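Here come two complexes built around chain A, the first alongside chain B, the second alongside chain C.
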Partner chain A sequence: MSDKRRIGVYVCHCGGNISDYVDVEQVRDAVKDDQDVIISKNVMFACSDATQQEIIEDIEREKLDGLVVASCSPTLHLQTFKAVAQRANLNPYQYTQVNLREQCSWTHRNNMESATEKGIKLVRAGIARTRLTEPLTNIRIETKPRTLVIGAGVAGLRAALALADLGLAVFVVEKESEVGGWTKKWGKMFPNNRLGNDTIEYLLEQVKQRENITLFTDAELIEKGGNVGDFSIKIRVKEGETVSLDVGAIIVATGFDSYEPFDGEYGYGLNGVVTLPQFKEMVDKSNGSLNFNDHQVKNIAYIYCVGSRQPEDGEIENPNLYCSRYCCSAAVHTASCVADIDPNINQYHLYRDMRTYGKYEVMFENAGKKKSLFIRFDDESSPEVEVSNGALIVKVNDALDGGEEIEIGADLIVLVTGMVPRENESLTNVLKIPIGLDGFYNEIHPKLRPVETVVDGVFISGTSQGPKTLAESVTSSLSAVSKSAALLMKGYVDLEPFIAEVDTDKCVWCGECEKSCPYGAIEKVVCDTKEVATIIPALCKGGGVCIPDCPEDAIEIKGYTDQQIRSMIDALAKEVA
Partner chain B sequence: MAKQLIFTPNRCVDCKNCEMACSFVHTRDFTKLAMPRVQAFTFKEDIKAVSVCQQCEDAPCQKVCPTGALVRNPATGAIERTDSCILCKSCTLACPYGNIHFDPVYDEIVKCDFCGGDPACAKVCPTRALVWAEEPAPDIKQDAEIERVFTEEEARYSANRCLDCADCSECGECVKACPADAIHFDMQPEEIKIEANSVIVSTGFKLFDAHLKTNYGYGKYPNVVTAMQMDRLVSPTKPYNRTMRPSDGKAPDNIAFVLCTGSRDCTIGNPLCSRVCCMYSIKQAQLLMGSLPLADITIYYIDIRAFGKGYEEFYQQAKEMGVYFVKGRVAKIEPVEDGNLSVFYEDIDGGSGQQQMEHDLVVLSIGLLPNMDALNLFKNGDRLEADAYSYVKEINEDIEPTRTSIDGVFVAGTTSAARDIPDSILHAGAAAAQAAGYIHQLKASR
Partner chain C sequence: MSKVNPDFVEKISGFTEFNAYACINCGSCTALCPMGIDLLPRRMFRHVMLGFEDKVLENTEEVFSCLLCKMCEENCPKEVPIVENIKSIRWYINRDIFKLGRG
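Our next item is the complex of A and B:
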């Protein structure tokens, strides 16, 4: 393109995140006289309101037709600066984000000189691409006012109700034959002692009263096509039958699995060593007194953090490094329930840090008042469970008493087990949403976008995202309702225009591209008596698989043209003067 | 004869106009942290004096300087500090009068340079105790013959007009400078009436007032700060671009965090855990490790509550970086020499009973309290129901989170309980869903 362009370049300090390792002033100066660069500036925080305003004023005053911000990863702020361009009446697709933080300063902390050189090359590549950008327009599609909720536990059911109350149709898919998940199995739940089963019964009753909720049990999602606002999904229902549906959004509420200790872990497998959910069931079902093996229980020892906060370099393969959040509170609450059944039972809690956060602190205090004894052990010296003369014994070094070893004889040893991510590989593959280091589904950003995933229109909620209490699960599922309802009630969604485009002069219709497209987005048309390929915008994903298959080099992806990519490679390969 | 700064002791009233002029001319700052090159003081109760560099002919400071950074300016006769100074501070020890200083705030050696030949101190001295004149001045002994510009009273009045606070003088420069047009001097409060079907109350929390924990000495000892103050000191836009302690601007090298200040503490009336303090303290500790790599950082805790997603991993990372975690509640904090502080605590993990440890900066990790103003937001007699701890009550926290005792009013964030940012955001999302659902149902029923 021989046209002269007017490009503004902003090199961000990121308050030291970039400028501590990259000489941002040198980067600014290196590109300030480059072809078509009108403005080259340093800014402390490019994303700050004041700087955004400054960029807008620069664009308007200098009549810029291209914008480059060299700051952080596009996943964080591409949308921010596209919006800046838009507010200055610059087409957002004439903006290029250069990732000077994740791909430069943070990765090259030990060599400022080389990092700066790389920074200059990255910014030049950004300028090169921007020089070849053209204004593009979003593709607008209508959204389907229907949501799929996966999982009918407390989070899924509550989400379904909230969506239905907003006038949106809901399909709930539950793998099991019964709804309710873990909550249905439990009796008194903290902090208000409502029965888990009552909660589920209430929600199910409410669901039944709403005409726009369809509940599938024994069902599974097996296919997902389409895109945000217009997914086409397939559900396998009983007896190999499938149902096809169109929905605008998907909320994942698949819950958690309880940690299953391995054989011998704190004596697991011995008679009288139980997990927290198993113990909870015993307490819930006890009638007047707590019995085990037909004997009245007198002494209980709880061992905390089983399956959670496991050491990184210990003997356990793939340790769970994370804290399971709910177990401390659940254990002290259960201990209070036990004391209510029989106040004479001695309860010993072997813990590391008592994480009864916020108002749950009060439950910890109450347990202490009801004959629970708390014994802290160090990360390095875990308790040991033994059998002596047919009786269970826990040995522990009491950190609160100078590490003195004490022995506790117990009728029951409760392993306070945490939450682990649910095994759900086939569903994960269908949804194509990412999993974090801890194995739970990963949000885009824990603070800014906590229920959104990298797949637009697919939201995560409840314990599928990480350990949570009941109230927290419901809170997060309602948050996902907010997001999906906001998307669907707007009625349309704008998709990025990065789709394929056919050069009809070059195309000779050989049909190769049609064969290669997995989405069926290419078809043959007659254009001025000549047979050529054409792209169906709503179906094209911009995947680009058709491009290398075209013998005539007649297809390009808008916004990522060969010419643009080549210019970036040239800029990256060129020595910094 | 060249001009000199000549001081006449019996005229001085120790009004400190000279100090302020000096600090302003050299740093554009009236703050106490901008160290003046001239110092006024009172000693033996009523002797007032100004100490100013003699610009000695055979100057010890100049002789001791290893890099020859102190150079006499032939035009003024003043010895000036040049850029080759390596901050060894030898000159400060060599000066027999104590008139050359190290300024820890600006990280430089400061001494009188006669302001390039027009000393500001002499210009502003209201009693003419300091004059810029040739030596020997004929009138110096004949005090009575010199007319005083100001009486002592007037001099003090003049000096005290400055509030030493860098406060607003309404000059309006900021209005011009602000790119976001965020400053208006002529704004008036106005009442705006909005009709709404639903209200979301997101009025946040109140911070625990650290003064109330009297045995920690906040407000009494300058180097006991709150974590909110520390957040400013470690932020990327921190004052003077360095982390320093309040009393003397020194870079701290042994910092303590005292967790649960104002939380889990019935003595100050808050039995609850504040949920955020463990994590923000660990975050600040990690940031401090970056800005002060040689500093020792100790966190005194009861339980480390790293319960959120990724939090435990963040806690372990801090341990690996070398942050000391000491289990034990701090009993009291007392001052020792040089502005340092002695922290008394029970050493639980070490098992050695009551211990004390010296630190040069102590950060109180203060907790969250309910904002009770929220309860009375609604004027028509409807009071939002509170829970046992005076937070706005969520009447059915499990199934209907964010719903309050007033129909159509929802809470979001820390209005109903202490919450960290991720949980506040989720809670706000839930409040939005609840409010939207409420309005939708309201309209459908009409």
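Our next item is the complex of A and C:
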């Protein structure tokens, strides 16, 4: 590229954050006579309003076509200076931010000479990249005002209602023949003893009252094409029929599975050793008294954390390292229900740590008042379940009594099992959304982007994302609703233009790039009788994994071309005179 | 190895209902005891609730050393009726072990 460029360079003091450790004047002077550099200045705070204005005036007066600000991390101020460029009618993609603070001054506080030398190289690399920038425009996509919700448990149904009330059409797909998931199966639920089935009946009644919700049961999502704002999907409904729909966003609310203990785990398989959901069903169905094997139950021992918080270096393959959040509260609440049925039942809770957090702590206190006895054991000494003279016993070291070994005879042993990810392989393959180390669907950022996935327009909610209480599931599903509605009600979506581009002269369509793309963003087209690869702009993330796989070197990422990267490396490698 | 005996607490409850289920084993009672009794009331109550009669009786002297000053009870974060519970244990030992009061 021989065209002359006109680049402005601003080297920031950041008060003293940069200038105390990097000689910013020396950096400014080192690059001021470099090729295509029209302006090289020091500024006290580049992000200050006055300096932003100064940069805008410089761009307009000097007709700059490239901008470099050497200041802090792009995470902090990339958007700030892109907006500065835009206000000065300079294409924002012709701006480069050089990280002189986090990656230079703060990391080299003890050697100003070397830090300054590195600073000069970093700024030169920024200039080199800017010299080869081209104006780019965002990719704008018109959105369809419809959402697909996968799963009609409490999270999915609640999401559907909220979307419908925002004026969006909703399609709900449920794999089972009836709605409600786990919640429908349960009786009294904490914290207010409302029956699970009542909750579902209420939600279903509300769904029926809304014309813009369509519910498919015995149905499954089998195909997803298109892109954010405009997905074309196929749903398999009863008896091999399929339905094709266009939707703008997809909310995944597929829920969880309950942990199934392995044979012999805390005596699982012995008569009288049951999981929490099995026990909950017994309690829900009991009428006046709690019986097991035709005998009235007198003593119950609960063992907590079964299938959760498993040791990383123990004998269990692929251990569940996470806490399932809901089980402590659910078990304590169930014990309270048991005491209401028969206050004379002795209940022993063998726990590692009691996590009835937040408002649920009250339930823990109340369980104590209803004669539940809590026995803590250390991680290293798990309880042991045995049969002695035809009766179940649990042995445990009571950590609250100096580790004294005690033996409890129990009519029932309840394994307080947690949540595990649901087996959803075919759906995961259709959606192409990532799974975390724990096996649940993975969000982009646990704090700041908790329901978004790397696939734009596909959101995760409820326990498909990780263990949650019912209240937390609803919170998460409504969060997915707001993200989905924010996307669709605007009518369009703008995507960054850093995507792959195929040189159709070089491309011979070998298909290697299509195989390497995790987002399905590459497909084959015929271009002037020749088969070549093409990029679907809305699906491409600019990840660049296709580039090294292309034997013809025919793919580049806009904004980060090979030529740009090479020029940056050259600038970084060049000795500072 | 001690075997849990849920019936023992019923025997203790003859005087008033023995009630220490709210205890969270924080140890405030032990720390505040002016007699410096190491055992009472936290572990003693646990032994009652678990039904370890022998362990309760091993510590008969401690049970009767208590001044009933209520320093522990006043400061118990879970409002366990500590003094009433100790009286219950004394009542049980007097009646069933020392065979007092029944002519």
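In this text, the second predicted complex is superposed on the first by the 370 of 577 C-alpha atoms of A that agree within 3 Å, B and C clash if a C-alpha of one lies under 4 Å from a C-alpha of the other, contacts with A are read in each partner's own complex, and residues count from 1 in each chain.
Note that a contact is a pair of C-beta atoms (placed from the backbone, for glycine too) under 8 Å apart; a residue touches a chain by one contact, two chains touch by 3 or more.
As the structure is a prediction and not an experimental result, all values here were calculated from the model.
Superposition of the two structures on chain A leaves chain B and chain C fitting side by side, clash-free.
Legend: residue contacts after superposition of the two complexes on their common chain; A:Thr475 is shown touching chain B, with no touch to chain C. Applying the stated contact rule after C-alpha superposition, one finds that A:Glu54 touches chain B and leaves chain C untouched.
By the touch criterion stated above, A:Asp438 is placed in contact with chain B alone, chain C being left untouched. When the two structures are aligned on the shared chain, A:Thr334 is found in touch with neither chain B nor chain C. Looking at the shared chain after the overlay, A:Asn99 reaches neither chain B nor chain C.
If you count the residues of chain A touched by chain B and by chain C, you find the higher number for B.
When the two structures are aligned on the shared chain, A:Asn397 is found in touch with neither chain B nor chain C. Shared-chain residue A:Thr275: touches no atom of chain B or chain C. Of the two partner chains, chain B is the only one touched by A:Tyr357; chain C is not.
Once the two complexes are overlaid on the shared chain, A:Val451 sits against chain B while remaining clear of chain C.
Our summary of the superposed model lists a minimum C-alpha distance of 5 Å between chain B and chain C.
Judged by the document's definition of touching, chain A residues 365, 400-402 lie at the interface with chain B and also at the interface with chain C.
Chain B makes touch with chain A in their complex at residues 178-180, 235-237, 264, 271-275, 303-313, 316, 327, 348-349, 351, 387, 389, 397-399, 401-402, 417-419, 421-423, 425-430, 432-434, 436-437, 440-441, 444. Against chain B, the residues of chain A that register as touching in their complex are 15-17, 44, 49-51, 53-54, 57, 158, 162, 165-167, 189, 191-192, 194, 199, 202-203, 308-309, 312, 321-323, 325, 353-362, 365, 376, 378, 399-403, 436-438, 440, 446-448, 450-451, 465-467, 470-472, 474-476, 478-483, 485. Of all the residues in chain C, the ones that touch chain A in their complex are 1-4, 6, 21-25, 43, 46-47, 49-50, 52, 78. Within the complex, the chain A residues that touch chain C are 298-299, 346, 348, 365, 368-373, 395, 398, 400-402, 404-409.
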